[in-house]
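Next up is a structure, given as structure tokens.
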């Protein structure tokens, strides 16, 4: 509480009374103290008061407001251009699945599987045939990759245990766990390419088979961007279809996934529409970085000033009252808001640098960049609360949250113990009978959702009823968990917040 | 608070005490003041008290009650007749989708797409065939549109870039972004109409193709209304099937949409049932408008009286106490309820006029009309709370909400900052991995739903697990967001309301 | 509050002070008053105190406990036997749908429809063929109904407007709204029954067609009950398949529904298992009725005693204090619990009588019987709270709810106005764009669910985005509704309850 | 409250004042009392204080912390190895369903059924054919079971009533409820095995048919474990396909289920990877058991000490004050935490023993073991709260929950009565019209979910609208239930907790 800290300093006076203690002091000391006190007061002033007191223009405030604007503009422009890329990637993935997977349908996307040997062969043949016919069937502009003058081939590989004989009927097995790999390459558009019934020139050893992988590379150009005055990019899709037989359960799951590389096209002309100059974008990013650096500089300076003042205060205080200044009092000098701004500045600067690199097509770590920019922008917006705090009555949220923080942490620790207990217990007992309790992480998510009243009936309903004891246990488990957490723990939590609010309200008066 | 405002005037007396200040005044002044005070008192009286005091019949009150009745009747009758129109439109759209789209099924309605060149041609041929055979297959009464004696044709158009060559393998492209259009018309029931295998007399340039659109017009009559004693209308459906290849991703999405025009049929006879006279409906609407105009007039008069009285009071007050009347005190003279009534009257009158125009088939802006009528009626019903406020103890809801309003706004501003921060951050980071974070607007909706405990587990579950960092970030993001908003922000909000209620309860005593 | 009513009588003493007023009275009057006061006190005593005071056995209490037991047993046995009937009916309906509807699948159950003339004919032919082949295909024991020696036929009827010609192209129509019906009968197992390609000996006039209905009757026996030692019943299924063309929208919806009659089989032998004697069940029901009658009698007597005492008290009070007893004071003499018991007794007696009639297969109004029994039993269980109230600290729920009741009603009235406003507005504006706002009733249900945090994201998501204005309106509508109701109205409601609880707690001390 | 119990003993002093009562006592008595008081004080000390007071190392505390670690490690390792087994079982079940059930699809898993006689025969034939061809179609390592040199056959059995003739048309039936069974065996890989069109050498008597069951046994080896350095196990799957015709409703439900036995394979060699030594795991379990036994011993000793001290205290108290010690005061001596630890220790020891037995493949009661281990671990984690209680301010959750407990129980009893009433009523009335009200247990689950705001709209929506009275009743039922429970009962509950928190906070000060 910046505004109350002067009073605070007074309250901590060991003589218990501010005015009295002054009377005892010598005059020159008094003067010095007065000066220091004014310095302190000025330090803890907010920009409005500073302006009123010394007519100092609130440059820092203006800089921060400017920062919010440019950072948000940068984020939104990045997000919008990202959206198009994401959509193009996703539609292509969907296209590949429909083209190369047999009987693929959107609803069975995650459970696409085959169960017989014949289906495995048919499925592979289908994929290869579709690959070879690609130029004449695709409605997009997909093409094979070329290395030199030759198209890169499709490769089919099988991984299998080096050696092994299983005889489940005799309950005996002999296995060599070294994994071998056999591959065969199929070139598109080859002269004399005659596709035989079985494109594999090897047979699959189902007993020892671990996986069959079909890999090939396609290239494409994202033309849609032309309409939004951006330059089309060249995409390289490394497609991999996996027939997964690791569990040897009789079910071979089929998955198609792709890795995408985005390059600037090497040779292009666009007539009729001028793609926006990318370098303007980069320039804007550089401007953002400069503003952020300035903000970072000013904040670091303020923090440094705070630290220095704190030492001065400690020295002054120990000299006068022969007492050490407590840690929490020292912390008063370092404004949490500055720390927040510094963190957000650092994050956003790093993110912006990454963004420039991405835009120059030198790298493509979208994820890291978006996390940095996103978190940075979030902190910038949360930082707005600081300016709101300058207005009276607007800072009730922040004050209460800050005051409630220690209690909330303590309370959460206790509640977490019970929560953890339920997590472990639910995982081990209900895991085999309910998909929402399969892994520890999912258990935690599902219990958290239950606390907030989500998906409760379906959790009850989808419990498999194979074992009566487990079924009964699951009911007991769910009823007690929900009752305990929603009705008691959550209620107590709310009471904690309410209580803090009341305390803060009384103190504010 | 209308009833407490006299006391309020007294409280604001600068002498601090009402009765004392009177004693000082001269007699004639006192008399004048007494008169003015009585005038004020009468102004702030509610209808019941007015009736008790001066036997004035509460005409305005009766008018408002009558207004509620007729406005609601009007809305319900409008809604009921609208329902039939909506159902007819929707069933027709469903019919068109089943008739003209190949392999259409309700579950894939939003994701109907084709992936191969052959499918595109087949699909277009199918649509054209179904169109040509329409009269012999439809079970409804759809017919082709006629312009003069000739049926209007079906048109197939392809839009494509004027020129262009793409070679993704070489990472090079040359494109002219001017869009050309080629169309071909197919007339139904033509002599010598021989449908060739390919109804298009052009080939599709898939590489440059932007979209294929099939357009045609059908007419129909909504006979069902006859049974509800309404006159059947004639419908014109402008159907447009779009094969969208803008993204060039290899997936051509197919959509069928229609524009509907509703006309009065030009020539009709109905035997055996007399359709209700439409003009009675219009007459009722006119009556509604008259009542609303009267209500509007009276309320405007009251507001005007209030404004005049306020000036008089200000003059009186400054003359007596040599002080300016504060803005909030002036506002006391303008009843918020009257403003609400005036707004709702204006909205409903505009809506009713639009409704008459629609019923006379001169226009068909159902949406605007329904928004006007709907919002008007909503305000009329909310206005009922005013009458409830005349009864003691019934106005706790209104009083508390009004008193809490400034705090709620302030609090919401602060909470909105954090909310915005989370929105931006979620959009940029999770957008590529979860459909619920694709656009800023959807992010806001999904976060709002999360706050209210909806769809939480599915939000956790449907997060794509491609990047581990993003996956971890998403967990952190969701857990902190839910915890912060449900457990803290919402709790504080509730405390705010509770606190205001307690304050109001004490003040009411 | 029964126990506090003596104190209450005192508080209402016009002299304001109980003990003082006594001093003034004459001695004989005092004695009389003392006697009356003791009578009053005894009347308001609970059974435990009565037992302590006068050693009176709590017969009524024991009777009530007995009643709870027998009523619950009766309900559970009724429910369990009902479950089997419901399951049999439902499985048969599912069977009929799979047998007689072409391409029926469970997921499309509500949207089964055809869109072309050819499909209508094919579908009818399919149904008739399946009907004629029934004995050789069904795996259940379905048989045709026999009237005398002849099997009752399947009837196909078409309803159509008597006359009419429509020409949507010319926007003209001439219609005679009298509805004609044409039927054709098809007898199963007839000699020389040769099913022609079209089983209808009439053609469908699609233009004027309202509906085609296929009706036939099948009989079956529910054998499963034998295993639970109950007698199998004979079922008559009147099956009706409706091809609904009322909207003339080009979509003919197909629905199969059946009416079920349950009869006692006329002629049966069961070897190897003795079906339980139905008359024991009836005897138990009669016993239940007798117990309920006794309870009803005793409660009526108590209520009567209360009414008499109230008159006596009023006379005494007006004689002594020359004042009328207020209505609320009079009401104290009539215990709400007795009224509840009387209502529940009457409901359960009526229900039990109906149940006996149903068990004797004389009638089959399961619904009415279940509502009567269900509501009766619910009230009986809620009545248990009365006994809990005898124990201190257990009645906080009841006391608080009763005390909060008037405020809750008042508050609900106000909230209902806003709710109604939103209902009307949502229905008229969003109805055409969202299925959850189609009818007023569904709007209310969906808003109620929203208040409780259910289905929020799907409500946002499924809003059709055809008109931008409406889309914007829908967002505004949903955000304000949820914010207003969940965060404000609900919060205030909870505060109301909390407040009442605090008041009651202070008063209880 | 362990720390406040000395004060507690003082408060209960009959003289009302602690210090005064001491003054009266003789000196030697005083000394004795002082000694006893110190003993008491030491007993109620927490480990930190004990360490401070007597430098006693907190061995017990260290043991408990160690216990938490090892128990959690044990649980997690058990859970992880279980996960693989569960997945293998489930994938196999899925495989069997896809291989042996005709037209099986994942979405219709629970509703797989046939409706015609022909389908039943076809389905059985399909299953048998797939079984005979298994070795050449499966992609897993499934094999037939062998008993000696002969493969065990597939058996098809039909169960039917011994005798019976039904004539629903005449409403007559004659049935002998003795159930007969006819079986036929089909051997795989037999010489001269010629599969006829109908593999059954009997015909099905559909009229009397109860069920057809197809049973066979397959064996498999779970190879995946090799990759995680565990030894592969041999699995025996007893597969049973049931065609259920018990209801005779014309629908024969088909279900495939399997029983799984897990054996250690008899003869194996693994090259290239050393499977982890199972005996190390067993050793770890033994260590866990030893630690738990030690913890159990120490806790039992503490409880015993408490009981002895309690007797001593009672004797001392009655000698000094001639009064009996109340039960609740006696209970203070037996710490609830110790009881919790003892329970958790006993559960975990039993669970660990079972786990060892399972790991040695002697038994396979995973369910019981997981319930024991899970519940034990949950209690161990909840027990951590005890250590948190040693730190000030951390025990608010535990203290409040403990203090609120009696009120919560009382309140829940009252609420349960209303809840039960609604359960019974909903079951009996709405059961036939809504699947969520089919059985009493499901009714309770669905009402519980409704209270927490889950699945509300779908509950409203899926109510069958056959009977208008029931439909109306359902609306009334749902609206009142939700309003009553969410808005009133739940609010009161929260108030109860809040109230207790306030009380505790004041007492803690």
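Going by the order they are written in, the chains are A, B, C and D; count residues from 1 in each one.
The criterion applied here is as follows: contacts are C-beta pairs under 8 Å (C-beta built on N, C-alpha and C of every residue); 3 or more make two chains touch, one makes a residue touch a chain.
Bear in mind that the values here come from a model prediction, so they are computed numbers and not experimental data.
Novice: Chain D and chain A are one sequence twice: same or different residues at the contact, by the over-half rule?
Specialist: The interface is built from different residue numbers on each side, given that under half of them are used by both copies.
Novice: By how many degrees does chain B turn when fitted onto chain C using C-alpha atoms, rounded in steps of 5?
Specialist: About 90 degrees, rounded to the nearest 5.
Novice: Distance from the CA centroid of chain A to that of chain B, rounded to the nearest Å?
Specialist: Between these chains, centre-to-centre, one finds 35 Å.
Novice: Centre to centre, by mean C-alpha position, how many angstrom separate chain A and chain C?
Specialist: The computed centroid separation for chain A versus chain C comes out at 49 Å.
Novice: Hey, what residues on chain A touch two or more of the other chains?
Specialist: 107, 453-455, 494, 498
Novice: Where on chain D is chain A touching in the complex?
Specialist: Result: residues 72, 75-76, 78-79, 82-83, 86-89, 91-92, 94-96, 98-99, 106-107, 136-146, 151, 219-224, 226-227, 232, 234-235, 263, 265-273, 366-368, 370-371, 373-375, 377-382, 384-385, 388, 393-398, 400-401, 404, 408, 436, 441-442, 445-446, 448-449, 452-455, 490, 493-494, 497-498, 501-502, 505 of chain D touch chain A.
Novice: Can you name the residues of chain B that touch chain A in the complex?
Specialist: Its residues touching chain A are 107-108, 111, 114-118, 120, 162-163, 166-178, 206-207, 209, 245-252, 407, 410-411, 413-415, 417-418, 420-422, 424-429, 431-432, 438-440, 453-458, 460-461, 467, 469-470, 473, 475, 479, 482, 486-489, 491-492, 494-495, 498-499.
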